[in-house]
């Protein structure tokens, strides 16, 4: 059997650590230790005048406060950028970064630079003082494509806007790419087979996974962008396969 | 549970509405209303001197005669072009277009323009006065790749040629693309995971699905090009997921 | 039921015919005849001063010695190049070539020309007098991505280096491409859905499969690069589907 691991699961945009509830229970039932922090700028009433670095700092602080080591640090969706930056601060605590349907941002890019133009056009229509929250239609059709409308409405109903700067701050990721290039931190990429949050092709997951280098371990899993909601048992198993040595 | 829908299932080239028999039974067992018209120019003894518009007209006429509304209109293979044109005539009757292994033809293109060159080369060898019927080897290896030869022979044995003009008429699809661009009609794309009727890559399903815009709901399903024959229960379930609100 | 076939299963680099043990048992339980030769230059103590043609000759000699005909000749990984060249020598004995996660080398290329640059960079670091054996990390992360580390270590522990010339000899494949282009020998391509031994994209399996022409039968199967180890029953079934008429 696999040795017990310490999983830290980082939610995607507009959500909180609560999104991992069922996956965390599955992982714990296999003997693993699981943390599901909610990052700064997320959740009801969160401030919207934060920078990308503030979200990263809240994650790093969580890892230090809980004195965690040998961490399998999992980032969903835009949290790919938060775990990459966090790894720069506490590389010695992290064994492996797992990107789940996640953005692997190019050095010097902002998150928004990684989105396809037809989606950033939607960003542009939003009021920056209100933060960013994607419209329901896009969430429903692209991220909840395998769900009933009522379930998509439940997910969307719990969402809250996040700071605009999370998407627009340019990110210096040189240390991150050195850490994974040198093999000091290992990486895995998990692609749910029905995930079309980004269109297949030029912006597809394959190109993102390739940025993580020739030793990135890639795995498919059932479900779509919110596999943690629709397929928690299968996702927990894939996370174990992605995170083990 | 999902509200009952009205499905209109449009067969692909060389076939008839009978190809949907098992899928239709599955959908009806879930409470849905199902229609499986055979379009003009298809089936034994059909005239071969028809135009693409004639096939579309026969579909529109069927929808009007049966006084259908709130339709989930499904097109298989080349029928992607027939449902797109039909939507231009009766947009108010259609809730969603579902493209199943289907061509989403570019405005101004003919169906043949969407085929890879190695397959249109095969078209060129056919006698136009006999209509178009692809050779058995191509059907067997690319569309029936997951079947026993005897099953491929059964499918091919029931096929009849269709008018050449179906493949060569240039299509004005400006109204169609306005309808889906404005969100007046929603779209879904279903890709059977083993479908290699078109080669993966430049002519792969991803590029076709992308033409349907940033809100097209994309779903994978088991089987290959004739999933309605090999995986009717699974396909019916995916059609329900593709067609629901 | 499918007629009994004669399967000849050719292992990939660094391995021997023993790798097929469980798949062979499955195929035999379905009534098929199965051969699993070990090619020259493979296995403990094998000479490392051989050429690509020597490995091909050892395969052709095996087929002749055993007087095999109507062969379904399966090649795994780099053995795609060995079965292609063998087909040039005994085309009359072969019904179909099945490429399993295999390289379809372009005419005039060496095997190494088909590898992505980040992997050939790894080749360059090896001592040619010792033969080629990829490092454990690459095998573990890219080829054993769906396995526990202990299972990856078992596979790697049984591996032995192969002659460098297998990767660097330029291959004249004109006769092979004529044989499959003319339809004298049919081809199938099997892709395990989790196989990332080569990165998806420019070096992905789709482009390799496309080289095999418009009538190549493509099938997906569960597992990753060593599906014969992790999913022998499913792979045997897919091999039957790939090899049948």
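All chains are identified by letter, namely A, B and C, in their written order; residue positions are counted from 1 within each chain.
Here, a residue touches a chain if its C-beta (ideal position, glycine included) is under 8 Å from a C-beta of that chain, and two chains touch if they have at least 3 such contacts.
Predicted, not measured: the structure shown is a model, and the values here were computed from it.
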Self-contact between copies chain B and chain C, residue sets same or different by half: different
Copies chain A and chain B - rotation angle from C-alpha fit, nearest 5 degrees: 120
Rounded Å distance between chain B and chain C, as computed from the means of their C-alpha atoms: 37
Multi-chain contact sites of chain B, meaning residues that touch two or more partners: 193
Residues of chain A defined as touching chain C within the complex: 2, 183, 186, 193, 206-207, 209-210, 213-220, 241, 244-245
Chain B-touching residues of chain A, taken from the complex the two chains share: 116, 118-119, 122, 137-138, 141-142, 145-146, 148-149, 193-194, 196, 199-201, 204
